[in-house]
Amino acid sequence: MTSRDVLLEVSDLKVHFPVDSVWARLRGARPVRAVDGVSFSVERGSALGLVGESGCGKTTTGMAILRLVDHSSGRVVFDGENLSDLDASAMLRFRRRIQVIFQDAYASLNPRMSIGDGLAEPLVIHGLFPGRRQERVRALLDMVGLPSHFVHRYPHELSGGQLQRVTFARALAVEPELIICDEPVSALDVSIQAQIVNLLKDLQREFRLTYVFISHDLSVVRNLCDRVAVMYLGRIAEVASRRQLYEGAVHPYTKALMSAVPIPDPDLEATRERVILQGDLPSPSNPPSGCRFRTRCPVAVDRCGESIPELREVNRGQWAACSRISEFT
Amino acid sequence: MIESAGMEPVLSVRNLHTRFHTEDGIVHAVGGVSFDLLPGKVLGIVGESGSGKSVTALSIMKLVVSPPGEVTADAITLEGEDILGIDEVRARRIRGSRIAMVFQDPMKSLNPVLTIGRQLTEALREHLGLSDRAARDRAIELLDRVGIPMARDRLGDYPHQFSGGMRQRVMIAIALSCNPSVLIADEATTALDVTIQAQIIDLVKRLTEDLGTAVIWISHDLGVVAGICDSVAVMYAGRIVESGPVRDLFHRPSHGYTLGLLGSTPRLDDDEERRLQPIDGLPPSLLDPVPLCPFLPRCRHAVGACREKPPAWRDVADVHGTRCWADLTPYWRATNG
Amino acid sequence: MNTLAYLARRIVQIPVVLIVTTLTIFIVVRATPGDPVELMLGMQTSPDAVQAVREKFHLDKPLYQQYLIWLGDVIRGDLGSSIRLNRPVSQMLGERLIVSLQLATAAMLFALLISIPLGIVAAIWRNTWVDYGATGYMVLGFSIPNFALALILIYVFAVELDWFPISGIGSSTSRGGGVWAFVSPFILPAVALGTVQTAYFGRLLRSSMIDVLGQDYIRTAHAKGLKPAVVIAVHALKNAMIPFVTMVAIHFGYMIGIQITIEYIFAIPGMGLAVLTAVVNRDFPVVQGFTLVIAIFFLVTNIIADVLYTFLDPRIRY
Amino acid sequence: MSTPPLHIGAGDPSAPPAYRGGAFLACQQFMRNHAALAGFFILLLLGFAAVLAPWISPYDPTALKLSEKLLPPSFSHWMGTDYFGRDVMTRIVWGGRVSLSVAFLVVFYSLLVGVPIGLVSGFVGGRLDNALMRMMDAFLTFPPLLLAVAIVGLLGPDLENVVIALGIVQIPVFARIVRGSTLSAREEVYIVAARALGASAARVVFSGILRNIVSPIVVQITIVFAGAIIAEASLSFLGLGSQPPDPSWGRDLSEARRYMGDAPWLIIGPILACMLCVLSINFVGDGLRDSLDPRSWRAKTTGGSTPRVPEQVTP
């Protein structure tokens, strides 16, 4: 790790959703701290996995990077330029370089546009390939493994996997550098999911793409990502390289999360030690004091409630936010 | 087909067919499913969406609406009693008391405008004839058992006041309220986070062991099935293509589709370099079933026989059978060395 | 508590809406041509007499002052008096409102009586002849103007069969009392008025019922082995009724305005006819007072609809 | 209960299907709805009759011929004659001319004003939205017919004023529908996706939102059109619409009322005409509602897949 070519750097990102109505505020409703101080960086050509359970703020983080939601504070630096300061028109330049894929491919395509029109739209917006757009659209379909006559189809005529391929084609249309993938394979059946995962890998190699891969599925993330950040209630619990995380996770939450992921091997399942977390996720509008995880943490002690633990480097490149971390490593 | 080995099965299904008459034609959702469920055991049914696993469950529960649905079978036997031809009134007495079901989405499966207490006591009053008071006491006991704190105070609450995991606990309490001999869990943990899923699986395992309830666990997740089931049936395009004891099936998959599923599934303990082996193409149309193996167009291991005649059921080991002509053992050994 | 807070907030908003509403009406009424005093007194009257009437009704003052005077009076509970009839508006309102409410209630009862069973059976036996019959009735009910239906009803039931009287609402004493004497004049107007609502409500209930019957919790209820009647009456109907009841309340608010043609045909002394006469005569205080009451009535029924919604749906807590 | 999982995979057809635009597919779907198609043709017929009234009706709609008053239906007078000896059938055809043109103008004007208000309100949001919607609310606190009666009453009984009154009444209806659809369209993932692609606000409005609010607007047009026909008849019935001796369904009914005991056929004709017209529009409206939904556009010729919304497997 000598000359790190960092493409995206997020530092201390916070997204708080304010309480809109005066009445609700009077009754003591608090802002939802969906993302509350998240930092990570992504190297060019690599894939960062952003994992966590529902409500942990992983999707909001992705949307804040894209400026599709406004962040309250923090910085998002893309290729040396601070996106947080840009106005909408300056942001337009970057829209071409940062693309996004959503979980529900059907919903992310305009139902009244044919696939061909949908794929041509980004080309029109950015004035790319004038006069050759039809060929470009067909080439894009080919890239994602779809036949060219799909240009005349409508989204509702396609299967889930095909639709997700179309959204990839649309993202690739503008030759982006970074693609934020928000649970792109979660809604798909495993056999189709595997097709898409492999497609993602191939495209990454072919176009030297950088991914921020948002997912709740640790197994998929292991297959696809070089580094992984584990989020819990708006904060990062642990961030490490793939090998470090999957073979030597240090944060109690990461350990519990991993032990809860089922493995398709009956012998292993019968012998695995499982940490079953008690209770539910607390509300992000009223998180526990100190360490957010302490209410469910199997090793929590009194002092965990005193202050919010900062991310600390435990091993080289492996960071964890736990005040008892020194006792575990 | 999972045959009973000496023990009398609590539920036995023979050659179940379910069709739906639609505008476009007849959809053959289930095309000849047979299995035996042994008392106290957990049978997993795995398959992707559209494979017919949920419809199989609904058919057994007699919850398929006719028309457009149409259910036929050679036999469906519950605790030695034929339930295939029974009328709706008797079917109703069986549902919820002797076979109970837990569904995928606990938010949608609970009635939003009725209290938890009401929804929990309904079946008790209906099937066991309990008084309001007795039903209430039993409801509190049940909620307590599924791990809902302060059960007494929560009877008057509505579903939206519970978290996702808690709702599914309530669903389990409802399902187990009349001590059914069979519990069908249809993707019961799919909508939940993994840590909550682990809680629920743990709970179901514990409760059914205590009560001696036999379970049909329907899931698309091979990992969940590997962890909870005693035996597994793999469904594809409305048919069981392979079934056997869970260890046997995972160690010696003997159908092209099972192999494909395992190859497609990313694992937490994977090698980092392992490339997934997806199944190419898409599942077949259920409108016009082909006589040959429905998996043939997507299969990497097809042999000559596959293109000539429909696959017959054959045993590969004790109570482990497959509907596949190809001998996949060498291949499987080679790839998993 | 929160529902109460929401309610309080809604009630606080009423005056704001009412000021916008009455101000709009005030400006429109005054801005259109036609002088009430001339209309009333005719051309030959002496300028002094005209001036006297003008002063009495503050018509000589600038518009904004007239509005403020009117508003001040309203706040003190005085709606003024009719230019034409020289009677207090509140007194006229009292008589008219009772008649209109009686008719609206009768029509609503009829609409509910028909639409609820119709909507439920159409949803349960969807795509059978029961459903086709019910939806056929609803489409016809939508398509016939209420005054046209009234004419047909009058011809068949009053002229040919002579079962019901054509008029008599609001003059109950003249017939010498008795329940039938009070009720019978309401039957034809109520049916004529309520038929459109039977179609509207029936269709709404049918579609919300179909929606509810497709929900997962209905499947759960069946999986519990409950009787089909229980599933429908408890699990389905309770959910389907939420949008239905809300819509019924809102329609009740509108009922008074739709009555106008029916009042015209059956010679019913209701609010609609009063507004019509007052508008034609430029009887400002009457128009102003009646529109205020109609707007209040509509706003109140809307709030009732909202409250009913929170009452029926435990998920909503403001 | 549960719907069958109609996941019927797409075996890609060897021959690529011919290109078919959305409009074509919507039309194709509309044609499958027989009631809607019938309604459409009846409307077309009524429209032609109204336009060609002067040429196709054998009698004068207004000329008095007292010698032929109150004749029952016969071959020469299909629907009989009225008190002044005028042919009822002729007056119905001419009345349709009035009704349809009033309804058409009402839709036109209320659309012209209501849609931009709703679009601006929904898209800009904030204070402007609040102000516009409170204004619309003020209109909505009156029952629409009563408001129309008041407006016509103030402006004077006249067909032009009927158009103005009914148009004003319908403006908030269009504004609200457009605003609602805009707001919900704005939340759609594909609109977010378009923004992420760098689409400008104008592009989002016109290509994303407008396309998707067309169908609620079109459906609302049919509702307003039907409502306007009934409202015009109601106003004319009250004596606020077209003035004698001009023909009008409502006006004629009001006159026929007096001779109902002796000449019941006088009320049947206008009522049937009005109902037929409204019924047809309602059928067309229902047909449009279905056929404008892209999920219904499955041209059987394309073969392969059937509609399938991806199954949600995760929270």
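Going in written order, the chains are labelled A, B, C and D, and every chain counts its residues from 1.
Everything that follows uses one rule, which is that contacts are C-beta pairs under 8 Å (C-beta built on N, C-alpha and C of every residue); 3 or more make two chains touch, one makes a residue touch a chain.
The model shown is predicted, which means the values in this text are computed figures rather than measured ones.
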| item | value |
| --- | --- |
| Pair of chains joined by more contacts [C-beta pairs], A-D or B-C | A-D |
| Identity of the most central chain, Cα criterion | D |
| Distance from chain D to chain A - Cα centre to Cα centre, in angstrom | 47 |
| Gap in Å, rounded to a whole number, between the CA centres of chain C and chain B | 54 |
| Whole-Å separation of chain centres (CA-atom averages), chain C against chain D | 24 |
| Residues of chain A touching at least two other chains | 54, 159, 216-217 |
| Multi-chain contact residues (two or more partners), chain C | 219, 222 |
| Overlap residues in chain D, where contacts from two or more other chains coincide | 1-2, 7, 9-10, 311, 313-315 |
| Of all residues in chain D, those that touch chain C in their complex | 1-3, 134-135, 137-139, 141-147, 149-151, 153-155, 226, 230, 233-234, 237-238, 250, 253, 256-257, 260-261, 264, 267, 270-271, 274-275, 278-279, 282-283 |
| Contact set on chain A toward chain B in their complex | 53-54, 159, 161, 189-195, 197-198, 201, 216-220, 222-223, 242-243, 246, 256-270, 274, 276-278, 280-281 |
| Chain D contact footprint on chain A (complex, rising order) | 54, 66, 68, 92, 95-96, 99-100, 102-114, 121-122, 125-126, 147-149, 152-160, 162-163, 167, 170, 174, 183, 186-188, 216-217 |
| Chain B residues within the chain C interface of the complex | 61, 63, 92-97, 100-101, 103, 105, 108-114, 122-123, 126-127, 158, 160, 171, 174 |
| Chain C to chain B touching residues, read off their complex | 215-217, 219-227, 230, 234-235, 238-239, 242, 312-315 |
